[in-house]
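Each chain carries a letter (A, B, C and D) given by its place in the written order, and its residues are counted from 1.
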């Protein structure tokens, strides 16, 4: 299934965060096997108010609070998914998923290979920095999961994708990690797309399908999440300098849309990879390696990476701002790639 | 053949029930001894023994029925065989009457299951995991036949939340089905033990956790694992009942399990059961860990072991005679030899076939 | 100034001890209220309040001394201030006599510590973490001055094994020093709570874990967190003593803590303490979670809160008069305003300075 | 400090696994702050007999069994390390470290950055496949940690390095993950090197310093662990075909010895990266990305990767053998790189 939004009749612009709520609500309405659990999600509606009103609509059997037990919660999700339930689990912050790590990488991820039994579950992970929240509430830990076969990973950059990717993730028969970016919650707006398959319970799976957010001829920027927007900003600056960037939003980080990446690089001959996560062994390393293996003949210049330096996220806003990738750093990398 | 004797039974079970319980205990024991022999003759590279656990694994699986979920570890062949198999199909005429007439059995073909299970032990293509997983590390979910079996995850403790999740799934379906899960004393020190039991209690899940306390985790005695007097002392910390049973006594175990299952079916939440048994083998067959068990303890464990003691009880009670026991053992042995030999001759997995990692067949890497 | 009155004290503490205890409770309260005001006026972006915890945090830090390790969470300013500071240095002449003459105080400069702590709250360069970490997420190890303080790790529960490890380190040194650690009721559901307490018991570590049970974790009431009657019920599952105290009563808390510390110093292992207190603020200042607390409960919590009740007790006992209380509060306020104002004017961290991630300065990435 | 062995007077060939024991014993003798804990390590000596006899020599205060509590154990190690102790923790298998993941990536790794307080601790991780042990006892999970700033990672390929790297790891003031390969335990032999700093307690830190295991002119193979040996085998085959491989053993996986990698590629213009871990987001992706960014001007052909496919390790030996990288696959990749 292709995940591009169908022409939607909706015109109302909704926030990224509200489209997360909407997707979850629509999926819970469409399929009664879907249930939702996490810390403080029921009466309180979660720290970002994503499930406000859900308890009233769906009742305590479909949405409930968990104790602070990330591992227990993921394990319970796996067990119920084996019986055909479709759990969606909220991590209060993406940072805390490390406490449920084993259940994801050793239990959920390997189950289908070991047992040929689907484990349809979704973990929602409010991730990312830029919000002055320090080392334990700002992490972008998606690459930790990309190295583990058996997990799918999505990371919406736009309000439309926040909706589409969550619905597709819930219908996917595999464990899917849905990385939602806190910085984008109230900064991105878009329509609520019409979900391609409507409100049926027909199964639909995620297929890696990167989106070209800006077509361009001179250089390919491969990115995802918040950095899509910072890359687009950099592309505007560069356009004024006569450098025409193609900006690719990966959307699905595992499995990667290798074809989309290679096609663009074959066209532009230049590649810059951008992400907010720390650089070493990040998704960017994989993208870079794919290009270096499969498109080297087209490549004319270094594959630059712009990413967070290898350090925890500092609390003070000025320290964090200095460390974060930004349009200036991206533009500088693009210039270096082009001028090579 | 030497029929079982006719006197009224003593103990909590009917005569027929005692004989059915015994049949599966003996079946489990012979199953194990067969693979142990294969290990010793080099036909098998590794073997984890269930010998000594039959006294509670068989009763536990007897306390549940088709549609309930079973989650096992590496010493629970007794529960698996009991859960899967129909005694009349495998041993026609052996049992005079059904021991547990109210119990709803699973309905898959017993001969086929026993063959596939044998293949699974041997890593063959016809094993439940097609050779992808070792011995008890597999699952077999066949809902139409009432089979909901999830085998072990190596990471100790990690099974427990998964089992609690199975219980949640059953509860969410609106049935009165339950999930039971076995774990060793060693796994009680894991964080998952705590998180899962606590959540199961809060969510009032139909879940029974059975700790098989055989006094050792690999080489480490329980004195180096925990400082509470008994592992069931932890139940109070979760606000759930905790029951300590003599795991060598199948009838005591059955009563405790049945009560826990009934409680779970009523919607009253989980129970923690500690089945205390002896350690009769090393951690895995042939490793040195058994040397950590003092000889005096080994002797005691052997004296108390469930098959010998239960057979003595049955004889003493006059439930059956020695001829019955001998013939039962002989029939089991020949069935197992035949089935396992067939499995040994079965094809190995095709190395060119790669199992998908995603349920929708998505390719992982270009 | 209004000197405290002279009559013989009631209660378990000497008159001087009661006044010293009160001084730190009031100091902690004013500290909090000052930052709360700054939050309300927009001078601070976030604030986690310790208001209501002074009744056990101050006694807990009073029960330990220089060289003992303190591991705090987000509501333990009372323990930090008490552990760090010398009352006579900050408020010369206020206390007539040392309240705890046998207690060995830490020896770093109190004015400097208070200033750096203020900077830490505000993310300034002079804060203990140099702006790298938020408020209580820092550590300050200054062994020559007897300070072994590890501040919070966000991941709830993760502190507990670290604290047990500090206790192990102290034990391995051959001293009789102990480690105390605070955690919320919420963290009792984590795997680390279980693994750490169990290991601390088995290893007989000089470790005291204090659960601050304020009935809520963020928005979630304890009824949705666990099903046992009281959290101390878990102690039996680890084979260690569990003591439940009224956390609003500093004297009851002090007695329990002192006994636990003495036990640990004797080499008799860990103690679990549950300090029951009210919830007087939301999870973080200004979030909506406080709405989950029913108004009747809020009223009850306010009635029972430790400062008001202890001051009433002191007056009732005639340990001091209202003038003393008022003047004490005034002196604390002016010291805090002066120190925190100075911190606010202090320089922000230099954004061009990057802290190394390795202790030997190895560069992480070329 | 350079980690190459000093000329040793020893001539006795010792097994890789015995050099692990020796390093641990020598370090425990040299520094009484060093203590050792893990499951079944005391009376029993561990499943691989690495600490047999240690209890008798060092006593129960220096070596003791832990319950099955990986997270608690790592956390306790961190707490004691903060007080100047030097804990060494044994994971019974590397696979189980996922249960202590949070304590490593969020507690140990970030401690120095957050508190400027050293956390000298070592985790020993018996890793790797080839031994018919299936999905839960064969993992190569080093890359999970390489993405987390603040952790050092070493992976000895030779018996000499098994000794040297463990001693250096114990003396390092940072958390170090020591990945020892089960397949090499009794297959690799070498002398027990003289430790450069002798038996003093002087601190010594790990410095990334890759080793050239085979100098060559035509193509650079970057690898580590077991695959060093399989790469050397491939190099022999290729030599007969006239292809001269340079084989680089990384030894230290974090932080990487970028210079050694780049220098070699600048010389050979061809690069093949080989590891046993699954391919996506592995250490090989990072190596590849480093070359593609910093040595592209020297590169003449694709950077090939030979690694485990993205799947769990199957139990059956024939299935595992089919999935493992081997000399044939490595040689084929080298030929493809050279013939490009």
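Please note the rule applied: contacts are C-beta pairs under 8 Å (C-beta built on N, C-alpha and C of every residue); 3 or more make two chains touch, one makes a residue touch a chain.
Model, not experiment: these values are computed from the prediction.
Taking A-C and C-D together, the pair of chains sharing more C-beta contacts is C-D.
Look at the CA centroids: the one farthest from the centroid of chain D belongs to C. Separating the CA-averaged centres of chain B and chain C is a span of 49 Å. One inter-chain figure worth recording: chain C and chain D are separated by 42 Å, centre to centre, where each centre is the mean of the chain's CA atoms. For this pair, chain A with chain D, the centres built from the Cα atoms lie 31 Å apart. Along chain B, residues 129, 132-133, 137, 153-155, 158, 189-192, 194-195, 198-199, 202, 224-226, 355, 357, 364-365 each make contact with two or more other chains.
Residue positions of chain D touching 2 or more other chains, listed in rising order: 64, 67, 69, 71-72, 95, 98-99, 102, 106, 109, 113-114, 135-136, 149-150, 256, 280, 294, 310-312. Interface of chain D with chain A (complex): residues 95, 98-99, 101-102, 105-106, 109-110, 113-114, 135-136, 143-144, 146-150, 254, 256, 273, 277-278, 280-286, 288-289, 291-294, 296-297, 299, 301-305, 310-312, 340.
Residue ranges of chain D in contact with chain B, taken from their complex: 39-40, 43-44, 47, 64-65, 67-69, 71-72, 95-96, 98-99, 132-137, 279-280, 309-312, 314-316, 318-319, 321-323.
Residue ranges of chain C in contact with chain D, taken from their complex: 69, 129, 132-133, 137-139, 141, 148, 150, 153-155, 158, 160-170, 172-173, 179, 191-192, 194-196, 198-199, 202-203, 355-360, 362-366. Of all residues in chain C, only 45, 123, 129, 131-134, 137, 153-158, 186-187, 189-191, 217-220, 224-226, 287-289, 292, 348-349, 351-352, 354-355, 357, 364-365 touch chain A in the complex they form.
By the touch rule above, chain B contacts chain C in their complex via residues 189-195, 198-199, 201-202, 224-229, 233-234, 236-240, 269.
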